Amino acid sequence: MSGLTLAQASEIVDAALSHARELGLRPLTITVLDPGGHPQVVKREDGAGILRPQIAHAKAWGCLGTGSGGAAGARHATRDPAFFAALAAISEGRVASSRGGVLVRDQDGELLGSVGVSGERPENDETVAVFGVEKAGLVADVG
Amino acid sequence: MSGLTLAQASEIVDAALSHARELGLRPLTITVLDPGGHPQVVKREDGAGILRPQIAHAKAWGCLGTGSGGAAGARHATRDPAFFAALAAISEGRVASSRGGVLVRDQDGELLGSVGVSGERPENDETVAVFGVEKAGLVADVG
Amino acid sequence: MSGLTLAQASEIVDAALSHARELGLRPLTITVLDPGGHPQVVKREDGAGILRPQIAHAKAWGCLGTGSGGAAGARHATRDPAFFAALAAISEGRVASSRGGVLVRDQDGELLGSVGVSGERPENDETVAVFGVEKAGLVADVG
Amino acid sequence: MSGLTLAQASEIVDAALSHARELGLRPLTITVLDPGGHPQVVKREDGAGILRPQIAHAKAWGCLGTGSGGAAGARHATRDPAFFAALAAISEGRVASSRGGVLVRDQDGELLGSVGVSGERPENDETVAVFGVEKAGLVADVG
(Lines give C-alpha, C1' and ligand atoms only; values in the text may rest on other atoms or scores of the structure.)
Protein backbone atom coordinates (compact mmCIF):
# COMPACT_ATOMS: atom_id res chain seq x y z
CA MET A 1 0.00 0.00 0.00
CA SER A 2 1.63 3.24 -1.10
CA GLY A 3 -0.60 6.05 0.12
CA LEU A 4 0.47 9.54 1.16
CA THR A 5 3.78 10.42 2.72
CA LEU A 6 3.76 12.27 6.04
CA ALA A 7 5.03 15.30 4.13
CA GLN A 8 2.03 15.21 1.76
CA ALA A 9 -0.45 14.66 4.59
CA SER A 10 1.05 17.58 6.50
CA GLU A 11 0.81 19.79 3.43
CA ILE A 12 -2.90 18.96 3.02
CA VAL A 13 -3.63 19.80 6.66
CA ASP A 14 -1.64 23.04 6.76
CA ALA A 15 -3.11 24.30 3.46
CA ALA A 16 -6.63 23.48 4.60
CA LEU A 17 -6.26 25.25 7.95
CA SER A 18 -4.62 28.24 6.31
CA HIS A 19 -7.60 28.50 3.94
CA ALA A 20 -10.03 28.22 6.87
CA ARG A 21 -8.37 31.22 8.53
CA GLU A 22 -8.65 33.26 5.29
CA LEU A 23 -12.37 32.40 5.17
CA GLY A 24 -12.85 33.29 8.84
CA LEU A 25 -14.41 29.92 9.70
CA ARG A 26 -14.96 28.66 13.24
CA PRO A 27 -12.13 26.59 14.82
CA LEU A 28 -11.62 23.36 12.86
CA THR A 29 -10.11 19.94 13.38
CA ILE A 30 -8.66 18.06 10.42
CA THR A 31 -7.47 14.48 10.09
CA VAL A 32 -5.66 12.62 7.29
CA LEU A 33 -5.93 8.82 7.25
CA ASP A 34 -3.95 6.28 5.25
CA PRO A 35 -5.87 3.79 3.04
CA GLY A 36 -6.11 1.44 6.06
CA GLY A 37 -7.93 4.08 8.11
CA HIS A 38 -5.04 4.91 10.45
CA PRO A 39 -4.09 8.50 11.29
CA GLN A 40 -1.12 10.18 9.65
CA VAL A 41 -1.77 13.75 10.80
CA VAL A 42 -4.33 15.33 13.14
CA LYS A 43 -4.51 19.04 14.03
CA ARG A 44 -7.14 20.68 16.25
CA GLU A 45 -7.31 24.46 16.26
CA ASP A 46 -7.51 26.49 19.48
CA GLY A 47 -11.09 26.65 20.76
CA ALA A 48 -12.41 23.61 18.90
CA GLY A 49 -14.72 21.24 20.85
CA ILE A 50 -13.11 18.20 22.48
CA LEU A 51 -15.05 15.67 20.40
CA ARG A 52 -13.98 17.23 17.08
CA PRO A 53 -10.98 14.89 16.57
CA GLN A 54 -13.28 11.87 16.75
CA ILE A 55 -15.85 13.46 14.42
CA ALA A 56 -13.19 14.40 11.84
CA HIS A 57 -11.80 10.86 12.15
CA ALA A 58 -15.25 9.35 11.61
CA LYS A 59 -15.89 11.48 8.53
CA ALA A 60 -12.56 10.39 7.00
CA TRP A 61 -12.93 6.77 8.14
CA GLY A 62 -16.50 6.56 6.83
CA CYS A 63 -15.28 7.44 3.31
CA LEU A 64 -12.79 4.59 3.41
CA GLY A 65 -15.34 2.31 5.02
CA THR A 66 -17.83 2.59 2.19
CA GLY A 67 -15.48 3.63 -0.63
CA SER A 68 -17.39 6.88 -1.28
CA GLY A 69 -16.87 10.52 -0.38
CA GLY A 70 -18.88 12.12 2.44
CA ALA A 71 -21.28 14.00 0.14
CA ALA A 72 -22.42 10.64 -1.28
CA GLY A 73 -22.64 9.26 2.26
CA ALA A 74 -24.80 12.18 3.37
CA ARG A 75 -27.18 11.68 0.41
CA HIS A 76 -27.46 7.96 1.12
CA ALA A 77 -28.04 8.60 4.83
CA THR A 78 -30.94 10.92 4.01
CA ARG A 79 -32.53 8.26 1.81
CA ASP A 80 -31.94 5.34 4.18
CA PRO A 81 -31.48 6.56 7.75
CA ALA A 82 -32.04 3.16 9.35
CA PHE A 83 -29.10 1.67 7.46
CA PHE A 84 -26.83 4.50 8.53
CA ALA A 85 -27.96 4.16 12.14
CA ALA A 86 -26.97 0.50 11.86
CA LEU A 87 -23.63 1.53 10.30
CA ALA A 88 -22.80 3.55 13.39
CA ALA A 89 -23.11 0.41 15.49
CA ILE A 90 -21.58 -1.95 12.91
CA SER A 91 -18.50 0.25 12.70
CA GLU A 92 -18.34 0.75 16.49
CA GLY A 93 -18.68 4.48 16.05
CA ARG A 94 -16.11 4.88 13.32
CA VAL A 95 -18.47 6.22 10.62
CA ALA A 96 -19.99 9.68 10.18
CA SER A 97 -21.74 9.93 6.80
CA SER A 98 -21.43 13.66 6.40
CA ARG A 99 -19.93 16.30 4.12
CA GLY A 100 -16.42 17.21 5.21
CA GLY A 101 -15.05 13.74 4.50
CA VAL A 102 -13.28 13.22 1.14
CA LEU A 103 -11.27 10.44 -0.47
CA VAL A 104 -7.79 11.40 -1.70
CA ARG A 105 -6.76 10.01 -5.09
CA ASP A 106 -3.83 10.50 -7.44
CA GLN A 107 -4.29 11.63 -11.07
CA ASP A 108 -4.87 7.99 -12.11
CA GLY A 109 -7.66 7.57 -9.58
CA GLU A 110 -5.67 5.35 -7.22
CA LEU A 111 -6.79 5.67 -3.58
CA LEU A 112 -4.17 7.28 -1.34
CA GLY A 113 -6.17 7.97 1.83
CA SER A 114 -8.90 10.27 3.12
CA VAL A 115 -9.42 13.59 4.87
CA GLY A 116 -12.00 14.59 7.49
CA VAL A 117 -12.81 18.11 8.65
CA SER A 118 -15.15 19.09 11.51
CA GLY A 119 -16.15 22.30 13.28
CA GLU A 120 -18.16 24.32 10.73
CA ARG A 121 -21.23 23.77 8.58
CA PRO A 122 -20.74 20.55 6.57
CA GLU A 123 -20.40 22.38 3.24
CA ASN A 124 -17.66 24.62 4.67
CA ASP A 125 -15.85 21.63 6.17
CA GLU A 126 -15.89 20.08 2.69
CA THR A 127 -14.63 23.25 0.97
CA VAL A 128 -11.61 23.31 3.23
CA ALA A 129 -10.85 19.60 2.79
CA VAL A 130 -11.00 19.89 -1.01
CA PHE A 131 -8.78 22.98 -0.95
CA GLY A 132 -6.07 21.19 1.04
CA VAL A 133 -6.06 18.11 -1.18
CA GLU A 134 -5.86 20.14 -4.40
CA LYS A 135 -3.12 22.36 -2.99
CA ALA A 136 -1.05 19.20 -2.59
CA GLY A 137 -1.58 18.43 -6.30
CA LEU A 138 -3.99 15.55 -5.64
CA VAL A 139 -7.64 14.78 -6.40
CA ALA A 140 -10.44 15.15 -3.82
CA ASP A 141 -13.29 12.67 -4.39
CA VAL A 142 -16.30 14.10 -2.54
CA GLY A 143 -18.62 11.33 -3.73
CA MET B 1 -5.49 24.55 33.47
CA SER B 2 -7.60 27.37 34.81
CA GLY B 3 -11.29 26.35 34.73
CA LEU B 4 -13.44 26.27 37.87
CA THR B 5 -12.14 25.59 41.34
CA LEU B 6 -13.73 22.80 43.34
CA ALA B 7 -15.23 25.50 45.57
CA GLN B 8 -16.93 27.16 42.58
CA ALA B 9 -18.15 23.86 41.17
CA SER B 10 -19.59 22.91 44.59
CA GLU B 11 -21.33 26.27 44.85
CA ILE B 12 -22.98 25.76 41.44
CA VAL B 13 -24.24 22.30 42.41
CA ASP B 14 -25.53 23.27 45.85
CA ALA B 15 -27.29 26.40 44.55
CA ALA B 16 -28.90 24.44 41.72
CA LEU B 17 -30.18 21.67 44.01
CA SER B 18 -31.42 24.17 46.56
CA HIS B 19 -33.39 25.92 43.78
CA ALA B 20 -34.80 22.58 42.61
CA ARG B 21 -36.18 21.96 46.12
CA GLU B 22 -37.81 25.41 46.18
CA LEU B 23 -39.46 24.64 42.84
CA GLY B 24 -40.60 21.22 44.02
CA LEU B 25 -38.97 19.40 41.10
CA ARG B 26 -38.46 15.65 40.94
CA PRO B 27 -35.15 14.27 42.31
CA LEU B 28 -32.23 15.55 40.21
CA THR B 29 -28.64 14.64 39.47
CA ILE B 30 -26.15 17.36 38.62
CA THR B 31 -22.61 17.18 37.33
CA VAL B 32 -19.94 19.83 36.82
CA LEU B 33 -17.13 19.03 34.37
CA ASP B 34 -13.83 20.79 33.78
CA PRO B 35 -13.06 22.05 30.23
CA GLY B 36 -11.58 18.64 29.35
CA GLY B 37 -14.80 16.83 30.26
CA HIS B 38 -13.68 15.36 33.59
CA PRO B 39 -15.91 15.47 36.70
CA GLN B 40 -15.29 17.96 39.46
CA VAL B 41 -18.53 17.47 41.40
CA VAL B 42 -21.43 15.04 41.05
CA LYS B 43 -24.48 14.91 43.36
CA ARG B 44 -27.48 12.60 42.97
CA GLU B 45 -30.52 13.34 45.08
CA ASP B 46 -32.36 10.67 47.06
CA GLY B 47 -34.78 8.79 44.82
CA ALA B 48 -33.14 9.70 41.50
CA GLY B 49 -32.76 6.89 38.94
CA ILE B 50 -29.48 5.00 38.80
CA LEU B 51 -28.64 6.07 35.23
CA ARG B 52 -29.06 9.78 36.01
CA PRO B 53 -25.34 10.36 36.74
CA GLN B 54 -24.43 9.13 33.24
CA ILE B 55 -27.21 11.18 31.61
CA ALA B 56 -26.17 14.35 33.43
CA HIS B 57 -22.55 13.61 32.46
CA ALA B 58 -23.51 13.16 28.80
CA LYS B 59 -25.45 16.42 28.72
CA ALA B 60 -22.47 18.30 30.15
CA TRP B 61 -19.91 16.38 28.05
CA GLY B 62 -21.85 16.90 24.84
CA CYS B 63 -21.67 20.68 25.27
CA LEU B 64 -17.87 20.49 25.54
CA GLY B 65 -17.64 17.98 22.72
CA THR B 66 -19.22 20.25 20.15
CA GLY B 67 -18.56 23.62 21.78
CA SER B 68 -22.29 24.55 22.04
CA GLY B 69 -24.85 24.55 24.84
CA GLY B 70 -27.49 21.82 25.06
CA ALA B 71 -30.33 23.94 23.68
CA ALA B 72 -28.34 24.41 20.44
CA GLY B 73 -27.54 20.71 20.42
CA ALA B 74 -31.21 19.83 20.80
CA ARG B 75 -32.16 22.09 17.87
CA HIS B 76 -29.41 20.64 15.65
CA ALA B 77 -30.40 17.08 16.57
CA THR B 78 -33.97 17.79 15.46
CA ARG B 79 -32.72 19.07 12.09
CA ASP B 80 -30.16 16.31 11.46
CA PRO B 81 -31.11 13.21 13.47
CA ALA B 82 -28.86 10.84 11.48
CA PHE B 83 -25.75 12.82 12.41
CA PHE B 84 -26.68 12.92 16.08
CA ALA B 85 -27.41 9.20 16.11
CA ALA B 86 -23.90 8.75 14.71
CA LEU B 87 -22.54 11.11 17.38
CA ALA B 88 -23.77 8.79 20.12
CA ALA B 89 -21.67 6.01 18.66
CA ILE B 90 -18.67 8.18 17.71
CA SER B 91 -18.48 9.50 21.27
CA GLU B 92 -18.99 6.05 22.79
CA GLY B 93 -22.12 7.24 24.54
CA ARG B 94 -20.64 10.40 25.98
CA VAL B 95 -23.01 12.83 24.21
CA ALA B 96 -26.64 13.70 25.01
CA SER B 97 -27.75 16.65 22.86
CA SER B 98 -30.46 17.88 25.17
CA ARG B 99 -31.51 20.87 27.25
CA GLY B 100 -30.11 20.68 30.75
CA GLY B 101 -26.51 20.90 29.54
CA VAL B 102 -24.88 24.35 29.63
CA LEU B 103 -21.38 25.71 29.06
CA VAL B 104 -19.93 27.76 31.92
CA ARG B 105 -18.04 30.91 30.93
CA ASP B 106 -16.51 33.82 32.78
CA GLN B 107 -17.51 37.44 32.08
CA ASP B 108 -14.99 37.56 29.19
CA GLY B 109 -16.50 34.49 27.52
CA GLU B 110 -13.64 32.15 28.38
CA LEU B 111 -14.73 28.52 28.75
CA LEU B 112 -14.48 27.24 32.34
CA GLY B 113 -16.38 23.95 32.11
CA SER B 114 -19.93 22.68 31.79
CA VAL B 115 -22.94 21.61 33.85
CA GLY B 116 -25.41 18.80 33.21
CA VAL B 117 -28.72 18.27 35.02
CA SER B 118 -31.03 15.27 34.62
CA GLY B 119 -34.23 14.05 36.27
CA GLU B 120 -36.94 16.53 35.22
CA ARG B 121 -38.34 17.91 31.96
CA PRO B 122 -35.45 19.27 29.85
CA GLU B 123 -36.52 22.89 30.26
CA ASN B 124 -36.64 22.49 34.05
CA ASP B 125 -33.25 20.80 34.09
CA GLU B 126 -31.92 23.79 32.16
CA THR B 127 -33.54 26.32 34.51
CA VAL B 128 -31.81 24.75 37.47
CA ALA B 129 -28.43 24.57 35.71
CA VAL B 130 -28.58 28.23 34.72
CA PHE B 131 -29.63 29.25 38.24
CA GLY B 132 -26.62 27.49 39.79
CA VAL B 133 -24.13 28.99 37.34
CA GLU B 134 -25.45 32.53 37.79
CA LYS B 135 -25.55 32.17 41.58
CA ALA B 136 -21.79 31.55 41.38
CA GLY B 137 -21.37 34.83 39.48
CA LEU B 138 -20.65 33.13 36.15
CA VAL B 139 -22.30 32.99 32.72
CA ALA B 140 -24.41 30.03 31.53
CA ASP B 141 -24.21 29.52 27.75
CA VAL B 142 -27.27 27.45 26.82
CA GLY B 143 -26.50 27.58 23.08
CA MET C 1 -32.65 -0.64 49.77
CA SER C 2 -32.15 2.09 52.33
CA GLY C 3 -28.54 3.21 52.05
CA LEU C 4 -27.14 6.67 52.75
CA THR C 5 -28.99 9.93 52.19
CA LEU C 6 -27.36 12.53 49.97
CA ALA C 7 -26.83 14.59 53.15
CA GLN C 8 -24.88 11.75 54.79
CA ALA C 9 -22.84 11.05 51.65
CA SER C 10 -21.98 14.75 51.36
CA GLU C 11 -20.93 14.84 55.02
CA ILE C 12 -18.57 11.88 54.48
CA VAL C 13 -16.95 13.53 51.44
CA ASP C 14 -16.57 16.95 53.00
CA ALA C 15 -15.15 15.58 56.27
CA ALA C 16 -12.69 13.38 54.37
CA LEU C 17 -11.44 16.20 52.17
CA SER C 18 -11.18 18.57 55.11
CA HIS C 19 -9.03 15.97 56.92
CA ALA C 20 -6.85 15.54 53.80
CA ARG C 21 -6.13 19.27 53.82
CA GLU C 22 -5.15 19.15 57.52
CA LEU C 23 -2.76 16.29 56.73
CA GLY C 24 -1.31 18.13 53.73
CA LEU C 25 -1.97 15.25 51.33
CA ARG C 26 -1.77 15.52 47.55
CA PRO C 27 -5.01 16.45 45.70
CA LEU C 28 -7.63 13.74 46.17
CA THR C 29 -10.78 12.52 44.51
CA ILE C 30 -13.49 10.88 46.60
CA THR C 31 -16.62 9.01 45.59
CA VAL C 32 -19.57 7.66 47.60
CA LEU C 33 -21.64 4.88 46.02
CA ASP C 34 -25.01 3.50 47.06
CA PRO C 35 -25.33 -0.27 47.71
CA GLY C 36 -26.09 -0.78 44.00
CA GLY C 37 -22.77 0.78 42.98
CA HIS C 38 -24.21 4.05 41.66
CA PRO C 39 -22.68 7.45 42.55
CA GLN C 40 -24.27 9.69 45.16
CA VAL C 41 -21.43 12.21 45.50
CA VAL C 42 -18.12 12.73 43.67
CA LYS C 43 -15.63 15.53 44.39
CA ARG C 44 -12.26 16.00 42.69
CA GLU C 45 -9.84 18.49 44.23
CA ASP C 46 -8.00 21.08 42.14
CA GLY C 47 -4.89 19.58 40.53
CA ALA C 48 -5.94 15.92 40.74
CA GLY C 49 -5.27 13.74 37.67
CA ILE C 50 -8.10 13.31 35.19
CA LEU C 51 -8.40 9.53 35.72
CA ARG C 52 -8.81 9.88 39.50
CA PRO C 53 -12.65 9.87 39.43
CA GLN C 54 -12.64 6.49 37.67
CA ILE C 55 -9.99 5.08 40.05
CA ALA C 56 -11.90 6.25 43.13
CA HIS C 57 -15.07 4.80 41.60
CA ALA C 58 -13.35 1.46 40.95
CA LYS C 59 -12.03 1.26 44.52
CA ALA C 60 -15.52 1.86 45.91
CA TRP C 61 -17.23 -0.36 43.34
CA GLY C 62 -14.74 -3.19 43.88
CA CYS C 63 -15.68 -3.31 47.59
CA LEU C 64 -19.34 -3.73 46.69
CA GLY C 65 -18.45 -6.16 43.92
CA THR C 66 -16.75 -8.63 46.23
CA GLY C 67 -18.40 -7.67 49.52
CA SER C 68 -15.04 -6.87 51.17
CA GLY C 69 -13.14 -3.68 51.96
CA GLY C 70 -10.19 -2.62 49.81
CA ALA C 71 -7.52 -3.75 52.27
CA ALA C 72 -8.84 -7.30 51.99
CA GLY C 73 -8.98 -6.92 48.21
CA ALA C 74 -5.36 -5.76 48.11
CA ARG C 75 -4.22 -8.77 50.19
CA HIS C 76 -6.14 -11.18 47.96
CA ALA C 77 -4.74 -9.54 44.81
CA THR C 78 -1.19 -10.03 46.09
CA ARG C 79 -1.85 -13.72 46.72
CA ASP C 80 -3.73 -14.39 43.47
CA PRO C 81 -2.83 -11.79 40.83
CA ALA C 82 -4.19 -13.81 37.90
CA PHE C 83 -7.67 -13.85 39.42
CA PHE C 84 -7.62 -10.10 39.97
CA ALA C 85 -6.39 -9.50 36.42
CA ALA C 86 -9.42 -11.52 35.30
CA LEU C 87 -11.66 -9.48 37.64
CA ALA C 88 -10.63 -6.30 35.82
CA ALA C 89 -11.96 -7.76 32.58
CA ILE C 90 -14.98 -9.53 34.16
CA SER C 91 -16.10 -6.26 35.73
CA GLU C 92 -15.37 -4.25 32.54
CA GLY C 93 -12.91 -2.09 34.45
CA ARG C 94 -15.12 -1.40 37.43
CA VAL C 95 -12.84 -3.01 40.07
CA ALA C 96 -9.64 -1.74 41.67
CA SER C 97 -8.60 -4.03 44.54
CA SER C 98 -6.68 -1.47 46.49
CA ARG C 99 -6.62 0.31 49.86
CA GLY C 100 -8.67 3.49 49.78
CA GLY C 101 -11.92 1.63 49.18
CA VAL C 102 -14.13 0.95 52.24
CA LEU C 103 -17.60 -0.43 52.83
CA VAL C 104 -19.95 1.80 54.84
CA ARG C 105 -22.10 0.06 57.46
CA ASP C 106 -24.44 1.18 60.22
CA GLN C 107 -23.94 0.16 63.86
CA ASP C 108 -25.81 -3.11 63.20
CA GLY C 109 -23.50 -4.02 60.33
CA GLU C 110 -26.03 -3.36 57.60
CA LEU C 111 -24.45 -2.30 54.30
CA LEU C 112 -25.21 1.33 53.35
CA GLY C 113 -22.76 1.89 50.49
CA SER C 114 -19.04 2.38 49.88
CA VAL C 115 -16.38 5.07 49.64
CA GLY C 116 -13.37 5.28 47.30
CA VAL C 117 -10.45 7.70 47.61
CA SER C 118 -7.61 8.15 45.09
CA GLY C 119 -4.63 10.48 44.68
CA GLU C 120 -2.23 9.60 47.51
CA ARG C 121 -0.46 6.47 48.77
CA PRO C 122 -3.07 3.74 49.32
CA GLU C 123 -2.73 3.81 53.11
CA ASN C 124 -3.33 7.57 53.16
CA ASP C 125 -6.32 7.25 50.84
CA GLU C 126 -7.73 4.72 53.32
CA THR C 127 -7.08 6.94 56.36
CA VAL C 128 -9.09 9.72 54.80
CA ALA C 129 -11.95 7.44 53.77
CA VAL C 130 -12.24 5.98 57.27
CA PHE C 131 -12.12 9.45 58.85
CA GLY C 132 -15.01 10.66 56.70
CA VAL C 133 -17.20 7.65 57.43
CA GLU C 134 -16.63 7.82 61.18
CA LYS C 135 -17.23 11.57 61.26
CA ALA C 136 -20.71 10.81 59.90
CA GLY C 137 -21.31 8.43 62.82
CA LEU C 138 -21.02 5.29 60.68
CA VAL C 139 -18.72 2.26 60.50
CA ALA C 140 -15.93 1.90 57.91
CA ASP C 141 -15.26 -1.74 56.98
CA VAL C 142 -11.76 -1.79 55.45
CA GLY C 143 -11.76 -5.58 55.04
CA MET D 1 -8.67 26.74 29.13
CA SER D 2 -5.14 27.98 28.73
CA GLY D 3 -2.86 25.04 27.82
CA LEU D 4 -0.75 25.00 24.66
CA THR D 5 -1.66 26.77 21.45
CA LEU D 6 -1.79 24.72 18.26
CA ALA D 7 1.34 26.60 17.16
CA GLN D 8 3.23 25.47 20.28
CA ALA D 9 2.01 21.89 20.00
CA SER D 10 3.06 21.80 16.33
CA GLU D 11 6.50 23.16 17.23
CA ILE D 12 6.98 20.39 19.84
CA VAL D 13 6.04 17.68 17.35
CA ASP D 14 8.15 18.99 14.48
CA ALA D 15 11.23 19.54 16.67
CA ALA D 16 10.89 16.06 18.16
CA LEU D 17 10.57 14.34 14.78
CA SER D 18 13.42 16.37 13.35
CA HIS D 19 15.61 15.23 16.26
CA ALA D 20 14.55 11.61 15.73
CA ARG D 21 15.77 11.80 12.11
CA GLU D 22 19.14 13.22 13.26
CA LEU D 23 19.47 10.31 15.70
CA GLY D 24 18.49 7.79 13.04
CA LEU D 25 15.69 6.32 15.15
CA ARG D 26 13.01 3.98 13.81
CA PRO D 27 9.78 5.59 12.50
CA LEU D 28 7.94 7.35 15.34
CA THR D 29 4.47 8.57 16.15
CA ILE D 30 4.03 11.57 18.42
CA THR D 31 0.94 13.05 20.03
CA VAL D 32 0.35 16.26 21.97
CA LEU D 33 -2.69 16.38 24.26
CA ASP D 34 -4.33 19.32 26.01
CA PRO D 35 -4.71 19.18 29.83
CA GLY D 36 -8.05 17.36 29.43
CA GLY D 37 -6.46 14.58 27.39
CA HIS D 38 -7.73 15.62 23.95
CA PRO D 39 -5.45 15.64 20.87
CA GLN D 40 -4.03 18.87 19.52
CA VAL D 41 -1.49 17.39 17.09
CA VAL D 42 -0.71 13.83 15.96
CA LYS D 43 1.94 12.86 13.39
CA ARG D 44 2.86 9.31 12.35
CA GLU D 45 6.03 8.88 10.30
CA ASP D 46 6.13 6.77 7.15
CA GLY D 47 6.60 3.11 8.01
CA ALA D 48 5.34 3.32 11.61
CA GLY D 49 2.98 0.58 12.81
CA ILE D 50 -0.75 1.19 12.64
CA LEU D 51 -1.29 0.94 16.41
CA ARG D 52 1.37 3.56 17.18
CA PRO D 53 -1.10 6.49 17.31
CA GLN D 54 -3.07 4.75 20.07
CA ILE D 55 0.11 3.81 21.99
CA ALA D 56 1.48 7.36 21.82
CA HIS D 57 -1.96 8.62 22.91
CA ALA D 58 -2.03 6.22 25.87
CA LYS D 59 1.44 7.26 27.02
CA ALA D 60 0.44 10.92 26.95
CA TRP D 61 -3.02 10.28 28.42
CA GLY D 62 -1.65 8.13 31.24
CA CYS D 63 0.52 11.02 32.44
CA LEU D 64 -2.53 13.28 32.69
CA GLY D 65 -4.63 10.52 34.21
CA THR D 66 -2.41 10.06 37.23
CA GLY D 67 -0.66 13.44 37.25
CA SER D 68 2.86 11.96 36.86
CA GLY D 69 5.30 11.57 33.97
CA GLY D 70 5.76 8.22 32.24
CA ALA D 71 9.07 7.40 33.93
CA ALA D 72 7.31 7.57 37.33
CA GLY D 73 4.45 5.50 35.93
CA ALA D 74 6.87 2.86 34.68
CA ARG D 75 8.53 2.62 38.12
CA HIS D 76 5.18 2.34 39.92
CA ALA D 77 3.96 -0.30 37.45
CA THR D 78 7.02 -2.43 38.23
CA ARG D 79 6.30 -2.20 41.97
CA ASP D 80 2.53 -2.79 41.76
CA PRO D 81 1.71 -4.66 38.53
CA ALA D 82 -1.78 -5.75 39.66
CA PHE D 83 -2.90 -2.15 40.12
CA PHE D 84 -1.56 -1.12 36.72
CA ALA D 85 -3.23 -4.10 35.05
CA ALA D 86 -6.46 -2.87 36.64
CA LEU D 87 -5.71 0.68 35.42
CA ALA D 88 -5.73 -0.52 31.81
CA ALA D 89 -9.27 -1.75 32.28
CA ILE D 90 -10.46 1.14 34.48
CA SER D 91 -9.27 3.63 31.88
CA GLU D 92 -10.73 1.59 29.00
CA GLY D 93 -7.29 1.24 27.46
CA ARG D 94 -6.35 4.90 27.69
CA VAL D 95 -3.29 4.40 29.94
CA ALA D 96 0.20 3.14 29.05
CA SER D 97 2.53 3.60 32.03
CA SER D 98 5.74 3.78 30.06
CA ARG D 99 8.68 6.05 29.30
CA GLY D 100 7.97 8.22 26.28
CA GLY D 101 5.10 10.03 27.99
CA VAL D 102 5.89 13.41 29.58
CA LEU D 103 3.87 16.19 31.17
CA VAL D 104 4.39 19.65 29.67
CA ARG D 105 4.64 22.54 32.13
CA ASP D 106 5.45 26.21 31.90
CA GLN D 107 8.31 27.82 33.89
CA ASP D 108 5.96 28.22 36.90
CA GLY D 109 5.08 24.53 36.90
CA GLU D 110 1.56 24.98 35.59
CA LEU D 111 0.28 21.99 33.59
CA LEU D 112 -0.17 22.75 29.88
CA GLY D 113 -0.66 19.27 28.42
CA SER D 114 1.32 16.13 27.68
CA VAL D 115 3.34 14.45 24.94
CA GLY D 116 3.50 10.78 23.98
CA VAL D 117 6.05 9.17 21.65
CA SER D 118 6.01 5.57 20.42
CA GLY D 119 8.05 3.48 17.97
CA GLU D 120 11.49 3.12 19.53
CA ARG D 121 12.94 1.88 22.83
CA PRO D 122 11.16 3.68 25.71
CA GLU D 123 14.27 5.68 26.68
CA ASN D 124 14.67 6.91 23.10
CA ASP D 125 10.99 7.79 22.86
CA GLU D 126 11.47 9.85 26.04
CA THR D 127 14.60 11.58 24.73
CA VAL D 128 12.74 12.78 21.68
CA ALA D 129 9.71 13.94 23.68
CA VAL D 130 11.88 15.94 26.08
CA PHE D 131 13.82 17.47 23.18
CA GLY D 132 10.66 18.72 21.51
CA VAL D 133 9.23 20.23 24.68
CA GLU D 134 12.45 22.04 25.57
CA LYS D 135 12.87 23.31 22.00
CA ALA D 136 9.52 25.06 22.46
CA GLY D 137 10.88 26.77 25.59
CA LEU D 138 8.80 24.66 27.97
CA VAL D 139 9.49 22.16 30.77
CA ALA D 140 9.22 18.37 30.30
CA ASP D 141 8.19 16.57 33.52
CA VAL D 142 9.22 12.93 33.03
CA GLY D 143 8.14 11.92 36.57
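First chain written, first letter: the chains are A, B, C and D, and each begins at residue 1.
Keep in mind that, in the parts below, a contact is a pair of C-beta atoms (placed from the backbone, for glycine too) under 8 Å apart; a residue touches a chain by one contact, two chains touch by 3 or more.
Here the structure is a predicted model, which means the values were calculated and not measured.
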Separation of mean Cα positions, chain C and chain B [Å, integer]: 26
Cα-centroid distance, chain B relative to chain D, in whole angstrom: 31
Mean-CA-position distance for chain D and chain C (Å): 30
Per-residue multi-chain contacts in chain A, two or more chains: 50
Arrangement of touching chains [line / ring / star / complete / other]: other
Each pair of chains that touches, named by its two labels: A-B, A-D, B-C, B-D, C-D
Interface residues, chain B side, partner chain D - complex: 1-3, 34-38, 110-111
Residues on chain C engaged by chain D in the complex (per definition of touch): 27, 47-52, 54-55, 58, 77-78, 81, 84-85, 88-89, 91-98, 119
Touch list for chain D against partner chain A, complex: 5-6, 10, 34, 36, 38-46, 50, 53
Residue ranges of chain B touching chain A (in the complex, touch as defined): 35-37, 62, 64-68, 81-83, 85-92, 94-95
